[in-house]
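There are two complexes below, and they share subunit A, which is joined by subunit B in the first and by subunit C in the second.
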Partner chain A sequence: MIPLTHSLIIAALLFTLGLLIILLRRELLFILMGLEVMFNGAALTAIAAGQYWNNADGQVLTIFLMVVTAAELAVALILVWLAYEHFKVTQVNMLTQLKDDTRGEPP
Partner chain B sequence: MYEVIFYLTAAIAVLAAAAILKVTHPVHAALYLVISLLALALIFFLLGAPLLAALQVMIYAGAIMVLFLFLIMVMNLRSERNQSLPLPSGWKGPAFLALILWLELLLLLNRYPAEETNENTAIEPKAVGHALFGPYLVLVEAAAVLLLAALIAALYLSRKGRS
Partner chain C sequence: MSQLLWLIPGAPMLSALIIALLGGLLQRRHLAILATCAAAIAFLVVLLTWLAGAATSQPLQQTLYTWIAVGNWNPTIGFTLDRLALVMVSVVSGIGLLIHIYSITFMAEDNDQRRYYFFLNLFLAGMLILVLADNLLLLYLGWELVGLCSFALIGFWYREPMRASAGRKAFVTTRIGDMSLALGIFLLYSQFNDLSLSYLLANATAQWETGSQLATLTALLILGGAIGKSAQLPLQVWLPDAMAGPSPVSALIHAATMVTAGVYLIARTYPLFELAPHVQWSVAAIGTLTIVYGASAALAQNDFKRVLAYSTISQVGYMFLALGCGAYALALFHLVTHAFFKSLLFLAAGTVIHFSGNEHNIHNLGRLDNHSPLVRWTFLIGAASLAGFPLITAGFYSKEAILTATWSAPAGPLLWAFAAFGVLLTAVYIFRVYFIVFQGSRSNASTPSAPGSMTWPLLILALLSLIGGFVEFPVGWLAPHQWSVWLEDEFRLTVHPPLEIAYSLQFITSLLTLIGIGLALVLVRREQAGHYLTKIIFLRTGWGFDALYQTMLIQPYFSLARLLKATDALLIEGILHKMTHACLLLASACRRGVEHGVLDKSIAGLLAGFRFGYARLSATQNGLLSRYALMISMGAVFLLSYWLW
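Right, the complex of A and B next:
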């Protein structure tokens, strides 16, 4: 029998790794993959807690998490594709179209 | 034995997620992500959630990773376009981790058929279905509406003749 603490430690490790991927790899596809890893850490938390209290609610929560992830990714991947098609970049640092021009005089 | 398999699978999941941090090519990152998702499916099975393990393999490792790979293919991010590819060398790490996962699965299916894998606390798909379509029925309808909205958004964003 696995104690609940160990499952939660693994989930926290996965969540932290996903956050690190988002923060360090400044590229659109890698950001989406980091989001996937973070979602999976959250899902592991829900399932481990549900098994600990012998309750099906954790699995129901994970099913809804999968639905939300699928809906989010379908839209986000199309947006990544459109951004690549328009600007020909995938680096987040290059996508500065909405930023104020802080160097020069006001237009 | 059960604990050994569990911690080994957890180590594979964390290692594969950490490998995404340092690979350069998006396809290699997708391979490591698939390994991480499959290891997590095995963890779900060991914890006693067989329905979620199957759903994890089907939805994440099946559908979502196909979306990722399709996008990588469409964007065609390779730097030198027409180079000949003599079996690029990034496949060894994911293949090694996948081999360990496969051996663990063989061990589980052969030597510990049903009752060893935490079966006393396993929640069957029947209980999940009762919970899903009992007290959470309104949320199922809301999820259906959310999927419809995502479908409409995807169709709108990918329509032809964008001005």
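Right, the complex of A and C next:
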């Protein structure tokens, strides 16, 4: 029986790690991986909580989360591929089309 | 029977509507027949009510519908047929029918028959509404309707400016009276919150004391309305000019029916006048003055129809005299006989004028001396009836009755003296006209005879002018007094002087009539010798009333208007325009100051502020995904720390 604290520490580490990946890496694919890591941290918390309260809801939530993540990843991968098709870039700091144009007059 | 009451004013009203809306589709001749049929229907319904016993039964009542419903005020379109209304309705519809028949020939040449018959039928409807109305509001509607039709028919040949202005004069003058009547109605409503005649009269008698201020004021206002409509002093000036209309119109509106509406109104509201004895006496005084006024002015007229117009003024004066003396039944009696002989005189005069190429001057007409014997004899009968030729004419009985009743009124002998003088003058002026126009006339081959539809009305009216008086014989005679007995329920009984006085009064007035006829012969001789009565300008101009009103009312009014116009010009030019200019200058200065000094600067400042804020905010939207993610994380951390802390 793993104590709750341990599980939560691991989950927090995973979440922080994922966040750091998102914030620091430039590659789009790595950012998606970072997202997955964050999801796993959240899922681990749910499972640990379910075990702690002897409740199956945590595991149900995790399975549901995995399904949603898979779907989300599928869409995100397509978006990344389309970005590469259109702009020939994989670096996130090159994708600044939404940047506001401050040189012109206000809209 | 009371279910048919609506048809009496309804038939002419419907016919007027048809003529107005669809008249263009009908031929001229059919218009005349349609209008006459409508008048005939009204008269037939009146006859039916007589046959059904309306003369002896309780008043008939029919309420068609509620006209206006506001709060607890519900004036209705409702008709009442009591004996007073029955008399009026019979006269109006009967004379109306005869004059419609007469008009068929008289107006046959006219191009504007549609307008003529529309207004004639509308007049008939209005007059019948007036006399049948059971509340004052409906009565006032009829009152205004007949005023409108009178205006339109006086100015019927409006292309001649004189005639059009005569119509306007009649309208404006009667308007003074109408306004007075309206004020009286308002006053009654403010006191009793109801306009139903029976309710008003019963309550006024119960609540007001005799001689109280309110009663006096109300009676005065109603008297004002009656004076305007009935052409009594001092509002009589419109009637002589009203002769500009066609002769049948003069006969119907300005002799037989509309001008007696004032008499009807006073007879209808007589309890109010009994509450105000002073006003009632002034009714008699006005009547007496008007008798002498009308009769003396009629003496000096050359225009055939103007003589008859002044004569009408004078004869309605007799009715007012009777009303003022409390002899309501006798006023009504004279109203009926007057309607017979005066419309007869007008129709006869109209025929003479019509067949003499529109010649109005009596001296010129006298020189023509080829008038039809029928017209001559009917005119003679009418004239005798008007003068009150003893024993055989209707006018004698009605006038005699009024004169006898006058004696017992306050200041009766004085009123009687004036009225008797009026009798003398009446005989003089009407026989003067008769002798001048018809004396030399003898029938020969060139005599035009009156065509069919003009003959019958003349004959019927002549017959009625003779026998119409046999319903009421003078007081003291061993003969029926049907009329006053029949109207006993409506009015209080007339007070008569002692018999020996009554007999002598009757004798004197009969004698005066005969003397008058003799005097007329003498006067006509003198006139034919060149001493024209028309040289008396005071009489010819109707005591100078027109000139008096011209200087007293019309000229001051125009002066006032001119003064106001000058003031207006001064004010507008001198002050208003300069003020406008100054305002314009001030406004442009203000605009420059405010626009450039305040508005522009503040707007520019605001704009700069917005631009600055926009630039700062815009920096956050840099399109960098990692920066967005950082911001979201920071936000989450802040929120979490806030909640947990």
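Here is the rule we go by: the second predicted complex is superposed on the first by the 101 of 107 C-alpha atoms of A that agree within 3 Å, B and C clash if a C-alpha of one lies under 4 Å from a C-alpha of the other, contacts with A are read in each partner's own complex, and residues count from 1 in each chain.
Everything that follows uses one rule, which is that contacts are C-beta pairs under 8 Å (C-beta built on N, C-alpha and C of every residue); 3 or more make two chains touch, one makes a residue touch a chain.
Model, not experiment: these values are computed from the prediction.
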Q. Clash or fit: what happens to subunit B and subunit C when subunit A is overlaid?
A. fit
Q. Is A:I22 touching the first partner subunit B, the second partner subunit C, both, or neither of them?
A. second
Q: Once the structures are superposed on A, label A:F87 by its partner contacts, choosing first (subunit B), second (subunit C), both or neither.
A: neither
Q.
Looking at A:I47 after the superposition, I want to know if it touches subunit B, subunit C, both of them or none. Which is it: first, second, both, neither?
A. first
Q: May I ask you to name which of subunit B and subunit C touches more residues of subunit A?
A: B
Q: Answer with first, second, both or neither: which of subunit B and subunit C does A:F30 touch in the superposed model?
A: first
Q: Have a look at where A:T96 lands relative to subunit B and subunit C in the superposition and call it first, second, both or neither.
A: second
Q: Taking the superposition as given, tell me the minimum C-alpha spacing from subunit B to subunit C, whole angstrom.
A: 15
Q | Residues of subunit A at both interfaces, subunit B in one complex, subunit C in the other | A | 24
Q. Considering the complex alone, what residue numbers of subunit C touch subunit A?
A. 610-611, 614-615, 618-619, 621-626, 629-630, 633
Q: Please name which positions on subunit B make contact with subunit A in the complex.
A: 3, 6-7, 10, 13-14, 17-18, 20-21, 26, 29-30, 33, 36-37, 40, 43-44, 46-49, 51-52, 55-56, 59-60, 63-64, 67-68, 71-72, 74-75, 77, 118, 121, 123, 127-128, 130-132, 136, 139, 143, 146-147, 149-151, 153-154, 157-158
Q) Touching subunit B in the complex: which residues of subunit A? A) 1-2, 6-7, 10, 13-14, 17-18, 20-21, 24-25, 27, 29-30, 32-34, 36-37, 40, 43-44, 47-48, 50-51, 54-60, 62-64, 66-75, 77-82, 84, 90
(Q) Residue numbers of subunit A touching subunit C in their complex, please. (A) 19, 22-24, 26, 31, 92-93, 95-100, 102, 106
